[in-house]
Amino acid sequence: MTFNIYDFTELTRSIDDGLKAVMSPGWALFTELVLIGLVFLILYALIGLFLVYAERKVCAFIQNRLGPNRVGPVGIFQTIADLIKLLMKELIPIKNADKLLFNIAPFIVIIASFMAIAAIPFAKGLHAIDFNIGIFYVIAVSSLGVVGILLAGWSSNSKYSLIGAMRSGAQVISYELSVGLSLLTIVVFAGTMQLSGIIESQANGWWIFKGHIPAMVAFVVFLIASTAETNRGPFDLAEAESELTAGFHTEYSGIKFAFFFLAEFMNMFIVASMAVTIFLGGWMPLHFGTGNLFNHIMDFIPPLVWFFGKTFVVIYIMMWFKWTFPRLRIDQLLTLEWKYLLPINLFNILFVAFLTLMGWHF
Amino acid sequence: MQEEIIKNIILGEEEDYLINVGPQHPSTHGVLRFEVSLQGETIKKVVPHCGYIHRGIEKMCERDTYPQIIHLTDRMDYLSAHMNNEAVCLCVEKAMEVEVPERVTHVRTMLDELTRIASHQLWWCAMGMDMGALTTFFYGLRDREHILDIFEESFGTRLIQSVNTPGGLMQDIHPGFQKRVKEFISYFRKKLPEYDQLLTDNVIFRERSEGIAPLSREDAIQYGVTGPSGRASGFSCDVRKSEPYGIYKKLNFKEILRTEGDTLARYKVRIGEMYESMNILEQLVDNIPEGDYTAKMKAVLRLPVGEFFQRVETSRGELGVYIVSDGNKTPYRVKFRAPNFSNLFVISKLAPGYKIADLIAISGSLDLVIPDIDR
Amino acid sequence: MENNLLKQHLEGLLPEAVFAENKQYTEVLVPSDKLHAFCERLKASPELQFDYLISLTAVDWTDHFMLVCHITSTAFRHVLVVKSRIDDKEKPVADTLSDVWKTAEFHEREVYDLFGIRFRNHPDLRRLFLDDDYGFPLRKDFTDETRMIVK
Amino acid sequence: MKAVIDYLKDIFFGLKTLVTGMRVTGRYFISPGEIITQKYPENRDQLKMFDRYKGEVIMPHDGNNQHHCTGCGICQINCPNGSIEIVTRKEMSPEGKEIRVIDKHIYHLDMCTFCALCVKTCPSNALAFGHDFENAVFDKAKLTKILNKPGSSLKKEVK
């Protein structure tokens, strides 16, 4: 169905074979790791820069403003200018802070988001590693970032930071459940935990369309829970600007602050791409029916465009949330999870299991 | 004995988790400091500390002549600058028994209501932002710009008009004043429902404000909480009704009263007042009487010996101006009964038992302007 | 309520009260040792119900201090000015009204801060705005060469 | 049962209010006509202040470099902040009388609060408000201005 020119499996395999031909398997693996690392590093930086710019533009348009418009045409180089500023800023040493943990925390946060990106299939055959338990891997790794946040809050010896960190801990622990359970509904449908397998299962239609209402419900729950898990508004209690000045990263400056900042955006990208992979067919094009002209036109659009297009739509929705709603209070945040999202999710899974047993889905 | 009290109040108990909200904090709209003792996220005690921008306006007034005092009062509650000016002017006019032309009282009342709307708009922006809805800030300021343009066209300044003088106004309104006010009202009647859609009806906002920190009517009176915050508790404290000045006596308007007294009620009173102020403006805009824009005043004003008190309703509550004159051209003593001063201290009664996020919402709903507290 | 009627009521409450003539509001001068009891009765009396303290301040008349309270009733809306003379310039002391009207607590703190008048039985008499060693700026004999601009 | 219905009602009501709010912001997102940002330094040419705008106090001079200020000092007395200082000198008039002439009308913009008392009380209308508002400087001393231009003189008609 998909065109072979858009299949990256051949490309990656030929690179692998080429490397193995000139060096020993161990060195080939090492070179591949370095290559992948470089590619992801560049991708990471580009996506980060773009997302920061996108968020500033989105919030500006929502608020009747122009947004960045000074550096470069329509301000597209603004984030690069900001990055240079952040790189050159002084790193303020904090008295009485736990130096080691204080310095390590931003790296933990950023490494966690780095690890999660490895499992994301950008196109057919274009992923660093295809676990057979891909979903579990992503869930597990994406919640590692909170360790960094907790450390940052605890080690900076500031009361605001500590409250922020504790809030973040409570928040991630609760919302992790909903994220996992809402993903599980699709696992039940698809019958596999491998991300590539889930995408393949959507070749004849995305799960959000063919999964009836339960997939819809799971998608909404996943959107809410993942927004909360990435500490973004209206769930940005960990940094709650009006209450805790800047929450867990109050004491950070310069490039260390930039790491937190970048990690927040990358986490958003990761959860959005997970939503796309699980619910919206990943890199699969949009199809209606079978074999008609519309489907053929859709097939010509490269999968990478499909993937990033869908991801940015989801990211836009998350930004839309942030710039519309007031922030929740900590107890309401937990109420929302334990009294609303979790029961809904559990019933949803039961319902899905029933549907699958009876074979009533497409 | 003195030291013992200080120690008790500032330090609290040993195991308390104390944090400072302010003086440099994004949600204290000015330099105010709350010393908050927490247990987890729950507030045990709040002690407000003020005086960071105390400028001694009352002392400065003692060396200034009456026209000079007026521009100092702008700097107290800068968001209701015109009402503050008017309070001093009314007090001086009452003391000197000056008959002010009808055009002046008319225009002053219109400016009062415009200032009130502008102030409530800014409050709405900040309230939303305190709650974490950052977009409200831009919508409110966008609409407020229209009022500031009206002020700028007529009087040349935006936030602080400095247009009142004992006996009238410094300059007449611009010929385009009425047209602009009408345009503003028709514009704002369209935009105000958006405020409700965006924030008032929002389920998160409701959860955060409904039933939070209710203030009973008795407590409101005991603490002297006036203005919209007092009226939300059912304390009918509108000076425009109880001791009418200007032409409020002739006007047909409602005093917005609610009985719940919680954060949502305080919010809703202000939204209601914006509608009510537009009603007042509509009654006034078409029939501004012709005439002089100032009464004939002597070059040097001397008040007769005595004491004079004038109450005015500003956008935050009741402002009282108390002037003691010994017959000189400068007053002997001036006291401003600032509305925010009384409104501030009720927070140490309201906040305990609620979460730290609620403290921000409560102080937002009390709508404090710090220079008015410190003076 | 009519001024005359109000006066009658007040005279009933406190025979030694002195009334000032030709004022905007009814004005009554109360001896400082009777002030607290008088205010309590003002608030409790069912005909008067002075339950809302608008403002409490002081005036420095160089030889004595004058406490000035503006009080009103939320039910009847009549305003009364209660004054009390404090003769001791060295160590001025007055009774606190904060147990009658809660808001007086903070107005009294302000008066203490700016005039140096101490209030007996006040729950929390600290300086409100200024440093502990600043002096009392609203007293007429206060001078501060470094920070005050004299025209 | 009722509890369950209330629970579901809560959810739907909540979602509805959230969607209402998102509709407002979403509408502004797609309507660029409502953008109110002004590109300030670029639009300097089109930017016109209102006629009555109070930028700074100026002393209007006519084509012959003549102004209206007699140096009476009323503005100095009326200024609440002491932001006006007047330096006068004595000069012999053609008739042989000694008259007071303004030497320097010093105006401290950094202390001015734009209360307009000087402009309002000037008996000979010598002062006015200018429209210039770009007063940001690096040195505070630059904000002290001398309002009468060098070599200017008093207009004949003004007494």
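Should a chain be cited, it is by its letter among A, B, C and D, assigned in written order, with residues numbered from 1 in that chain.
By our rule, a contact is a pair of C-beta atoms (placed from the backbone, for glycine too) under 8 Å apart; a residue touches a chain by one contact, two chains touch by 3 or more.
All figures in this text were calculated on a predicted structure; none of them were measured in a lab.
Undergrad: State which chain is most central when centres are taken as means of Cα atoms.
TA: Taking the mean of all protein C-alpha atoms as reference, the closest chain is B.
Undergrad: Nearest whole angstrom, what separates the Cα centre of chain A from the Cα centre of chain B?
TA: 46
Undergrad: When the C-alpha atoms of chain B and chain D are each averaged to a single point, how far apart are the two points in Å?
TA: Their C-alpha centroids are separated by 24 Å.
Undergrad: Hey, how far is the Cα centre of chain C from the one of chain D, in Å?
TA: Roughly 42 Å, centre to centre.
Undergrad: Chain D: which residues touch two or more other chains?
TA: 18, 21, 24-25, 36 - these are the residues of chain D that touch more than one other chain.
Undergrad: Touching two or more other chains, which residues of chain C qualify?
TA: Residues 151 of chain C each touch two or more of the other chains.
Undergrad: What are the residues of chain B that contact at least two other chains?
TA: As it turns out, chain B has residues touching two or more other chains at 135, 142, 198-199, 202, 204.
Undergrad: Sort out which chains touch which and give me every pair.
TA: Pairs satisfying the touch definition: A-B, A-D, B-C, B-D.
Undergrad: For chain C, which residues are in contact with chain B within the complex?
TA: Per the stated touch rule, the residues are 23-25, 51-55, 57, 59-60, 68, 70, 74, 77, 79, 81, 101-103, 105-107, 110, 114, 123-126, 128-130, 137-138, 148, 150-151.
Undergrad: Touching chain B in the complex: which residues of chain D?
TA: Spelled out, the residues of chain D in touch with chain B are 13-14, 17-18, 20-21, 23-25, 36, 50, 52-54, 78, 80, 113-117, 120-121, 129.
Undergrad: If you look only at chain A, which of its residues touch chain B in the complex?
TA: Of all residues in chain A, those touching chain B are 59, 62-65, 159-160, 163, 167, 233-234, 236-237, 240-243, 245, 323-332.
Undergrad: For chain B, which residues are in contact with chain D within the complex?
TA: Chain B residues touching chain D: 64-65, 67-68, 70-72, 135, 142, 145, 152-157, 160, 162, 165, 170-171, 174, 194, 197-199, 201-204, 206, 299.
Undergrad: Across the complex, what residues on chain D touch chain A?
TA: 11, 18, 21-22, 24-26, 28-29, 32, 34-37, 39
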